[in-house]
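Each of the two complexes below includes subunit A, the first together with subunit B, the second together with subunit C.
Take a look at the complex of A and B:
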């Protein structure tokens, strides 16, 4: 049995674990990252499951990853390049389509085809959503203050948080009305929100997509408007709300982070599953792996979601009962599936005119919010949506490294898919049935699609749970609802990346500011570890 | 009433029928008397093509001169500061040239076919200067700007694109190498050169072949993320690569109204191109030797890494005492590096001996008001971005 000692152990080599590890290694600490899979990356991976095709197996597009993190960790040196989307479309059963483009005025012209009023309302809508993004952006990098504490750090923190909502100068005159708007935005359903701006079904359906991706809420559920904001607050080079591909797939992000970590003396050890956190007198002192090795460190940082961290690898007896109860009650419901498809050529979508850049990004075929809600109704009954909302894209249209020239990789994200499938749960046969169902849905819009398929990988919430380690397959490692955001994430009293166990920290998307390939939880957690170790933090992020 | 206009406005390049068709935005500018697109669709996407796929740019307006004659070798060596006596045939070299006062006139590339045949490419017109300088040499200098069509084909997939076009074994061509091809029945010179700091090539041919060349390359790159690329995107890539631009980063000596604006090679980071130990005399040698010996260079051109994400366009640079120590000549947010970078001309010792505690005053426009940002800068290598693929032999192929 090997015994290893380091300054810091990070459990899980996902993007947040690697971000935290890289920042800590840059600060001079000896960091080791233990990963259960044979590959690195968590849900930001690129794997070649069919020869010649690279898949972004889980997450598939990039916008939220904080540019300051890319800058501090010099990810470009290790091969990271973001490719902006050219546009997005929703295909319609009558043969028409609705498109958004990289260029704002082209988008306005496009919306106008469907509704003159909506085209102009879109300007107002963009402004309002952008304003919310401006408020939330500085909060992402902050450790949420504990509102019940009287420590100076928390009092100042609360003030700092409040400032971003109320300070007139900072935000160019956010008045009483806008504060009300913010509160409404955080609590409304996306349907109600969009109804205040738009009249046409297709405009609303296209925009509402971002509010349901990854969540177990429907478009009529209160709180779904915030999910839209969560997907909108990212950016590609100052273009807020824009999305892009990571060249070489999402694995390039974690590969680059690993490059940075290695350059600063850190190490990732794949195929080393942590099964137990070793504690002594209320302190975390090390971890034990499935292989039987023990690793000891001054600090342990878990990139696993809060349920896995405290209900699977930490002994319940070492934790306060109330904390364990709250962790058990943490909402983390799987609602999404995915197909990764190796295509022999470019599928035709007759709805989209040839050469239209709208087809370069995400494509959908849900025409009304009611359809979306119907898809959600199926999920509530424990079934996959008969008429699902899909977010599909063909990264190889923009990225020359995913497949050989002329060949294509298609990523299809599916909403909604239950973790607990009714009538006996998931098995291989039902998984394949689900895959065929999605292929059929897409084939309705693409006559040659089915013939081009060489291979596809079906991902249900069960695989995301078993393989990636996302409890119930929830892509955000916990619902993005107000009761579990900011000071409440993951549980009240523990929103500052620390845990009831001394020397043990959390850096996963279960913590503030939540999911998406953002890196902010990792960078924030690293900051707290460094503060506790009295080590100076440097970089653009802090 | 469309009468024949004797007066000619801007010239059209031999690619104009194609570039104007490719332009979705109809944004053009005047480059050396030619009409060329600043942007075809969106600058960001065009920029990305150069770092991700293949970007295509009409380079025809570049000044191009053919230098022929038995003294051609000796003449170019006399003209430029770099020692070209050992330059091999079928290679290209990056060069600068100065006036007799040792002040830089321009930078460019020299293509050597043989000891008696060269091509010079540059930004500023020097036909007159070439003729005046050629006094006493057995050379002829011919302006080939209008008679040579040129395309830049740059980006990670550019080699594959050009192989599809018909450039066999192109992957073996070394950086700064060049090779004559016959493709689709016409002669094309391909050099592994460019202004993007990435893998890339430049193609030179007779204007009669231009349209076929454009169409064939666009077809060849169809599956390789090819995209026409305008001046704005080029500006972004060249800053990332740390390449300087005459009359942007420094004033060309012959264009400077104010003599104090003239710069020596040492003042614009081009000292490495001055070979004082070159046996023969070259224009400006005496003055440059003196400057080197006395060390009285006043300026330097450096790379800056600037805090925050607001580009320091036109910013004045200060020391910690708020004394003016220089100016930003080019600035951008780099989409690839996610860094706020700039090229700046600083008064020595800033930039050479003093590299810390330097600040840029940035005026960031925010809805009709300016936000004044006092941003900390670090002096860094001017070549901000230089990926491994740039100089790899054989070049990367996408198959």
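Take a look at the complex of A and C:
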């Protein structure tokens, strides 16, 4: 049995674990990251599952990754390149299409084809949503204050938090009216929110997609408007709300992070599954791996979701009962599936005019909010959506490294797919049936699509759970609802990345500000660890 | 121009009556203009069977309110006859639930305690008009501070729990606590009653807390029936009005509010008559108040937009079945029939009933709250609240009414096999009918959804949350204002206070 001692052990080499590790290694600590899989990256990976094609087989587009982190960790130096895409499109059954573009004026013109009123309203809409993005951005890199504490740190923290809503900023400050608008935005359903701006179904359906991706909410569920914000607050090259591909697939992000970590003396050890956190007198002192090795460190940081961390690898007896209860009740529901498809050529989508930049980004075919809500109703019953919301894209169109010349890789994200399938659960047969169902849905809009398929990989929430370690396959490691955001995330009273166990921390997407390939939870957690160790920090996250 | 009255109240619903009388007691000369022939608004035709007790602070500001209440228990009906009967007494309820699951029984007591303490904390600010933020008045900041302290005083653990609960859905909380689906269904029913939410919609939990805050802070304890029916209640209010010399003009529909120099100075009736007063108070719902009384020409676009998107689609229809004899409900005795009988057997059932209603369609398996009236007479009436009967149903109420009524009866047959043979006549009042007959936009019980974005300082719309509208001298006192509907009289009382403050 090998004994290893380090300053810090990070459990899980997902993007948040690697971010936290890199920040701590940069601050001079001896960091080791233990990863259960043979590959590195968690849900931000590029894998060649079929010869000749690279799949971003979990997360597939990039926007949320905080630019401060890219700069602090010099990710560009370690090979990260983001290729922004030009637009997005919803295909319609009547042969028409609805597109949004990177260019605001082009979008307005495009919307005008469907509704003049909506085109006008879009100006107001994009202004209002952008405003909300600006308000939330500074909060992403803050540790949520403990509202019940009277410690100066928390009192100031609460003030600071409130200040972002109440105080003046470069845009002239939030007035009373805007504070009310902010409260409403955080609590409304996306359907009600969009109804206040738009009249046409297609505009609303296209925009509402961002509010449901990855969540167990429908467009009519109060709180879904916030999820939209969660998908909008990212940026590519300073362009807020833009999305892009990571060149070489999403794995390039975690590869660059690993590069940074290694350059600062840290190390990732794949194929080392942590099965137990070793505690002594209420402190975490190390971890034991499946292979039988033990690692000891001053600080343990878990990048596993809060359920896995405290219900699987930590002894329940070492934790307060109420905390365990809360963790058990933490809502983390699988609602999405994915198809990764190797294509022999570019599929034709006759709805989209040739050369339209809208086709370069994400493509959908849900035309009304009602359809979308119907898809959610299926999920509530434990079925996959008969008429799902699909977010598909072909990264190889702008990134030649994903497939051989002339060949293409297509990523199809599907909302909604239950983790607990009714009537007996998932098995291989039903998984394949689900895959065929999605292929049929897409083939409705693309006559040559089926013939081009060389291979496809079907991923249900079950695969995401087993393979990547996301409980129930929830891509955010916990629902993004009001009861699980900010100082409630993951558990009220433990929103500051610390846990009931001394020397043990959380850095996963289960913590503030939540999921998406953002890195903010990792960076925030690293800051808290370093504060507790009295180590001076530099960079944007201090 | 001379002021004939100090105050004109538009609409003689219970909140209008409460408001008028409080002002009259303060020596204001008050006139109420009511569009219908009778007073009492939605109370008049007893749209609701079960009510909370009027809070003490409201009745005392009226100088006492001699209304008698009868406490009622709630029964969750089960097809198997294994009904759950809850009376609101923790010991008894614990025993009842133990019969189903001892784990649930213990959890129920805990859950009840937790919810009660939260609803108490909420209740303390239902009695005051909501503060406005950044209004820069000391009293508003103090109110906010007090509210924060009220919640903070619950203790650290409870504060955390409260913060978590605000946005939570009731289904999650119930599934975390209980294993009996019938019990889950019963509580979930109360959380979504009268609203546009399903049990899995975030925010349904705060809906329940709001309801509890007006119902003795108890989940099933605060259900009452007015002795003599709601007519007795209206008569009492009219007696008081008489004593306080409040003038009431019935069949006097107000066409618009007369404004001079950006100030409300009187009302014009549909028959052309103009009556002047120093203050005008509208008991109408917010949309009617703004669009019909105040008129759009006086509003800026922002306010117009907010009012236009104020959500107030009613979801509850009332079905009355006149019977020729007392029906046999499986495993129910006479007392049970006079209690509140609920058909909402599980969370999933409610959610399925809710699903079509999101897009104004009707579920043929709705959830029901029933009560047998005149049970000792030869012609009893089964009064049924049918939830998720959407306002403006896509199918068209005129086309589907009969089928819908049949579907509801078919549903009741499962619990009372002989009901068909007892029925003499059936009458349904849909939200569309409520809108038409009672002049309530959308036919909504609460004059507007009780959801976080339409609550407290956002109720009915930001900027008009302190009972004052965007026109000087025009006030609101209906259920559309804080703290919302239910037979509480609190909006009426709070509005009266706002007016007295301004005088």
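Everything below uses one rule, namely that the second predicted complex is superposed on the first by the 538 of 542 C-alpha atoms of A that agree within 3 Å, B and C clash if a C-alpha of one lies under 4 Å from a C-alpha of the other, contacts with A are read in each partner's own complex, and residues count from 1 in each chain.
What we mean here is this: a residue touches a chain if its C-beta (ideal position, glycine included) is under 8 Å from a C-beta of that chain, and two chains touch if they have at least 3 such contacts.
What you are looking at is a predicted structure, and each value in this text was computed from that prediction instead of being measured.
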Report task. Label the relationship between subunit B and subunit C on subunit A in the superposed model as either fit or clash. Result -> fit
Report task. Would you check which partner chain A:184 touches, where first means subunit B only, second means subunit C only, and both and neither mean what they say? Result -> second
Query raised in the report: Touching A:118, do we find subunit B (first), subunit C (second), both, or neither?
Result: neither
Requested in this report: Give one of first, second, both or neither to describe whether A:472 is in contact with subunit B, with subunit C, with both, or with none.
Outcome: neither
Query raised in the report: Once both structures are overlaid, what angle do subunit B and subunit C make about subunit A, taking C-alpha centres and a multiple of 10 degrees?
Result: 130
Report task. Figure out whether A:488 sits in contact with subunit B (first) or subunit C (second), or with both, or with neither. Result -> second
Requested in this report: Go through the superposed model and pick first if A:220 touches only subunit B, second if only subunit C, both, or neither.
Outcome: second
Query - Contact breadth on subunit A, by residue count: subunit C or subunit B - result: C
Report task. Pick one for A:196: touches subunit B only (first), subunit C only (second), both, or neither. Result -> second
Query raised in the report: By how many Å are the closest C-alpha atoms of subunit B and subunit C apart after the superposition?
Result: 22
Requested in this report: Please give the residue numbers of subunit A that touch subunit B in the complex, ascending.
Outcome: 67-68, 70-71, 74-76, 81-84, 86, 102-103, 172, 236-239, 247, 357, 398-401, 404-406, 540
Report summary line: Residue positions on subunit C within touch of subunit A in the complex are 132-135, 152, 156-157, 159-161, 163-169, 172, 176, 197, 200-203, 302, 305, 309, 311, 348, 351, 355, 358-359, 451-453, 457-458, 462-463
Requested in this report: Going by the contact rule at the top, pick out the subunit B residues touching subunit A in the complex.
Outcome: 41-42, 44-45, 48, 51-53, 156-157, 160, 223-225, 307-309, 333, 335-339, 366-367, 385, 398-399
Report task. Can you check the complex and tell me which residues of subunit A touch subunit C? Result -> 147-148, 166, 175-177, 179-181, 183-184, 187-188, 192, 195-196, 217, 220-223, 322, 329, 331, 370, 373, 377, 380-381, 481-484, 487-488, 492-493
